[in-house]
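Next up: some structures, all given as structure tokens.
After this come two complexes, each holding chain A, first together with chain B and then together with chain C.
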Partner chain A sequence: MKRKGRENVYLPLSADVEEVIPLTPETSLFRVRPEAAIEYSPGQFFMVSLWGAGEVPISVASLGGGDGPLELCIRRAGLVTGALHGLEAGDTVWLRGPYGNGFPLDLSRGRDVVVVAGGIGMAPLRPLILWFLENPGAAGRVTLLYGAKRPEEIVFREEMDGWRERGVDVLLTVDTPAKGWEGRTGLVTALWQDVRSDLQKAVAYICGPDVMIRAAMGELFLLGMPEERIITTLEAHMKCGVGKCGHCYAGPRYICTDGPVFSYREIRSHSHFLTG
Partner chain B sequence: MRNEWILDKNHLSYWLRQLRKERELVGPLLNGGKDIVFRTVEQIHEIVLDLPASLPSPKEFLLPQYEPMLRLDIPGGEPGVHYRAQPVSPDACVKGSRAGRVYDLAERRRRIVFGVRPCDVSAVRLLDRFFLEGYRDPYYEQRRMNTLMVTIACNNPDPTCFCIGLGTGPYLDGGFDIQLTDLGNRYFVQAASAEGVRTVKATSFLFRRPGKADHDDQYEVILSAKARFRKRISLESPRGMILAGRIKDDFWQRVAARCFECGGCVYECPLCTCFTVTDRRYHGGIERARLWDTCLFKGFTRMAGGVLPNEKRMLRTKRWYYHKLIHYPEVLGGFGCVGCGRCTLTCPGKIDMAAIATAMKGLDLDGATAVVGKGRQVGIGEVMRRPKPEETGAGPEGEG
Partner chain C sequence: MIFRTLTKESLPGFLDTVSGSYRLVVPEQKGRDTYAFRPYSGFHKVAMGFLRTVIPPKQFFFPPREGLFQFTTGAGIETATDEPPSSIIFGLHPCDLHGIDILDRVFSYGERDTFYWRRREKTGFIGLSCLPDKYCLCKSMHTDFIVDIYDLFLYTLDDVYMVSVRTALGDDLVRLRPDLFREPTAGEIAEYKDRIEEREAKFTRIMDITNLADLLTLEYKSDVWERFSQRCLFCGSCVMVCPTCQCFDVFDSTDPLTNTTVRWRRWDACMRKDYALVTGGHNFRGARPERFRFRYLHKEIGFAEMHGKPTCTGCGRCSETCPAGIDMVEVVRSIRE
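The block that comes next holds the complex of A and B.
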């Protein structure tokens, strides 16, 4: 969305909620239609709000480009996301954006891609996979390594079957298997040997819990993937999304305006990222 | 012709009355509790110009402690905004379709802030870069456009001031709207911005052009002011020491051990800009407002689900100093400190910028403690250099 210089960046647009699709007990996919068309790209995020509850940064889960609805994958985690989960089709939600840099899409041209996701970390990576599916020349083989705590917490599970049919290697793993689970058990970072691509020549896009991101980046680097091709997207508490409120500053950078997508090289050069 | 004039002190009151016709006049006043605060001036004779620095800094007129941003009017709600905030809960949020109209509450009042210190104007120059580059902050921009600042050069710097080591005072060569230098019975007036020049020229009959004697007197006054600084602190050397890796985490550990996490330094600092945003429900609508926040608070970075990326106080304290000493110069071209000395006045743990800069150099801080109060003389430098017995075995905390 282009904003003119004089416009108020904090002013949200209203969007109609078209559909709320439960994905897991705590996570739903919200299909919304903003009052004006908005262009965005994979890896960017919106400040989503409900008046009276507040605003939160939510990464965009749809690919965009067409006239389809905007999709937001939201886990019930706090006050605002709890309130968002009370919405039904026909309600109004407010959003402003998109913000952030988004994923570097040119990086994967001519290379195999490994997408590593944990839990709801699938949300920002879903448009990336959709983009690779729609643009066959954009990447070589695409492998998705996805880990969740329990089988019922796997998001977009049915959709993943469709991705598999369209040529994506989908490898699923859970921490705690349930009855009937025939897939793998354990951490996603134990799945490197099942990847059919040469990791040293591939590109990795990673999103998930902080510990998973750290472990995955470190291991891929050890396996010989160059640090500038290990890409992740970070999350932080944000109040503005436009580099003013200070909540997400990490060293001289702001995760909202300089990120949220960073390469391992950038992260390693600033020890301020991934503290705690 | 240079934009320099002489204003007879007898004309000051009349000049301010003229200025007040166009704008709200704000100046340093002594309130009931004997605090120095910038407030709307009702009686011009109540302005006091010979007092120490105001608390907080005049940044509150560009970034107020509480600033309404947007308001959503709910159809059918009672009209009129009553400032009666109610606790917000998920159930209190507005649902339903096309809930109402949203209004921009940006303040556009024309204001003149009189008696600002040069250090605070130096801070505003960095705030301008911060708020107006990249995404423009419309609330700051509106206030900035409508605010004229009249600076008074500091002939009598406070014992806590150290702008002289940073080039942010006590007298500026440019970057202000209007700067007055007190020459005893008259002011040496300089205007640097277009609005400043226009404002002086609008009442040009009050001013005369300066002569050689006026220039000489101003030179003398500035020279004498510069000689009065008790603190000679450069932030280049702390910055250099940090960048050279000479300041280890055990130093920050001991600084953090003295931090009360009161946020006083941040609120008084003319260059601290962090804010939080909150929704409040009123009769007839919901207001979205921002208010001052600080990275020294544990909950500042709390994420959904309760994750606290900066749980250790040491990391937060260190981050604040890194932001001011390392990242501010790297991104905006100047230190995140103008040497106003307000954190020295405020900090109960005596770990203000001046104390830290001095402690880093391993200098004795008796001079610094002597000016912050008549109480016990605490050798801060000594406390910070000497590790506590129980800490020595612990080793520095890593950053992960």
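The block that comes next holds the complex of A and C.
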């Protein structure tokens, strides 16, 4: 995780864009190759920038560790992400990081895992699933509960078929079904009874919209999952990524350096953790 | 730490000498009741009786707006590599020295902030004692006295300054003019003690912060926040003048003629509506009372939990500056009632 020879914490590295793969009408996977190899782990994020547009925090969507490119799953939603969506293979993007603590990977050893994702919240959880697939023994049964607004907004849909073949229980649900949709309809938190694991003994990793995270954490706790095994990753307005700019202050913590991954135990006592 | 005395007539000569070896910054009077830290241009300009500058000393390590990097296609990234001058800031009162202590903690939390420390490391401080006015809350915040951060500290007595020499840099400064400093006499020590009591008696306004963190939590849903947020203009003035507010925004601007982009950072304020807004439209603190409340919660609870002490230094700038006349003492009193 050490960035050698980088005295200036705000200085970005350049990365070549190798490929841009559209995943949904608004979301693409950017495969980039940084000028120097960077080590990172699931749940960490990078400050990604284009000169002239600005910098934004983006969680890493690839597992890393090998020779493969670094992957960033980005939804076109604002000024910087809009500019990023103008990139093509051969262009240059800038990044600094990785930042944040990442997911506690040891927690799932010998336990079943429930990954709960909503919308673009799948992005930071994808490397976690890849970790479980590539490290047999890292977890017991893995179940993915994924909810999107509409079927066409499901990210990594084809890849999920591969996960299914490799043993992951993939359960998809949408708010608004379209013609030909054969999956479920409704909230992702309505799928607990379809999980073929004992929730009280499992570990949950959750990411999605704020309301979904709150609902999922609270419900899993009521269903008997210990609070230190209910794990989420939070988003916040961030300008630095290194615990300085103040934007992500949440109670006594910075989401960028103390998180973005927290257990329900860590944030439960702060009733207004997210609102300060 | 050792003590020396410096006669009042000797101070101009001492500062002249210091300004020959360092970039010396001193308080100067600007408007009728306003002061600013400025480069030394002779002792006659030094406002020895000043109480607080409008902008706190944070501006010297963390400028209101600063270009971090410059990027031009082809030339790549450029950043300032010049060595900042060795500087001495003269005239810092205990509250402002406490403020620098808070900023030091923030900008060294985890990874050190390159841009802050490149200037901060080259800066020494000469503290100066003061007598409170109606806005001063340092007594209430326990920041009326300081034992660290400064290099020299001058306590004003009748004819001399009792000088605390705390660091090697402070000793370097004394050694620039060893002829001006001598051992304090027993009479001067007695006078120093008397001055402590005289100063204590001058604190007329007290902000009761007993159990304040708990009270703010208990009154989280109080209508006090709603009431004050009706008056607050959310202009961010309190944040700009605060010696410990350190939030910043980072943004790029591109010169269309040269195609050069500068990545800036500038002071930001948690009062602003889009401060906690994230892409996609969710705002963690969109409502006015939430934004007003956050500043108090962060200063008195959040930061204190992280770094061991609350961030308010009681300097009085926010109360003096607020265009809506919102006074921290009044807010805290409302919470206590």
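Note that the second predicted complex is superposed on the first by the 270 of 276 C-alpha atoms of A that agree within 3 Å, B and C clash if a C-alpha of one lies under 4 Å from a C-alpha of the other, contacts with A are read in each partner's own complex, and residues count from 1 in each chain.
Here is the rule we use: a contact is a pair of C-beta atoms (placed from the backbone, for glycine too) under 8 Å apart; a residue touches a chain by one contact, two chains touch by 3 or more.
Predicted, not measured: the structure shown is a model, and the values here were computed from it.
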Could you check whether chain B and chain C clash or fit when both are placed on chain A? clash
Per the contact definition in the header, classify A:Glu134: touching chain B only (first), chain C only (second), both, or neither. neither
Using the touch criterion from the header, give the chain among chain B and chain C with more contacted residues in chain A. B
So, A:Glu228: does it touch chain B (first), chain C (second), both, or neither? neither
Kindly classify A:Gly54 by the partners it touches after superposition: chain B alone (first), chain C alone (second), both, or neither? both
First (chain B), second (chain C), both or neither: which does A:Asn8 touch? both
Contact-wise, after the overlay, does A:Cys245 reach chain B, chain C, both or neither (first, second, both, neither)? both
Determine, under the contact definition given at the top, whether A:Ala236 touches first (chain B), second (chain C), both, or neither. both
Is A:Asp91 contacted by the first partner chain B, the second partner chain C, both or neither? first
Residues on chain A lying within both footprints (that of chain B and that of chain C): 7-12, 51-56, 75, 77-78, 81, 210, 235-237, 239-240, 242-247, 249, 251-252, 257, 272, 274-276
Show me the residue ranges of chain A that touch chain C in the complex, using the header's touch definition. 7-12, 49, 51-56, 75, 77-78, 81, 209-210, 235-237, 239-240, 242-247, 249-254, 257, 272, 274-276
Interfacial residue positions of chain A with respect to chain B in the complex: 5-12, 14, 16, 50-56, 75, 77-83, 86-87, 90-92, 210, 235-237, 239-240, 242-249, 251-252, 257, 271-272, 274-276
Of all residues in chain B, those that touch chain A in their complex: 69-70, 72, 88-99, 102, 104, 106, 130-131, 134-139, 273-279, 281, 286, 288, 290, 293, 295, 300-305, 307-312, 315, 319, 322-323, 326-327, 330-331, 399-400
Touching residues on chain C, where the partner in the complex is chain A: 68-69, 71, 77, 79, 106-107, 109-115, 220, 246-252, 254, 261, 263, 265, 268, 270, 274-280, 282, 284-285, 290, 293-294, 297-298, 301-303, 305-306
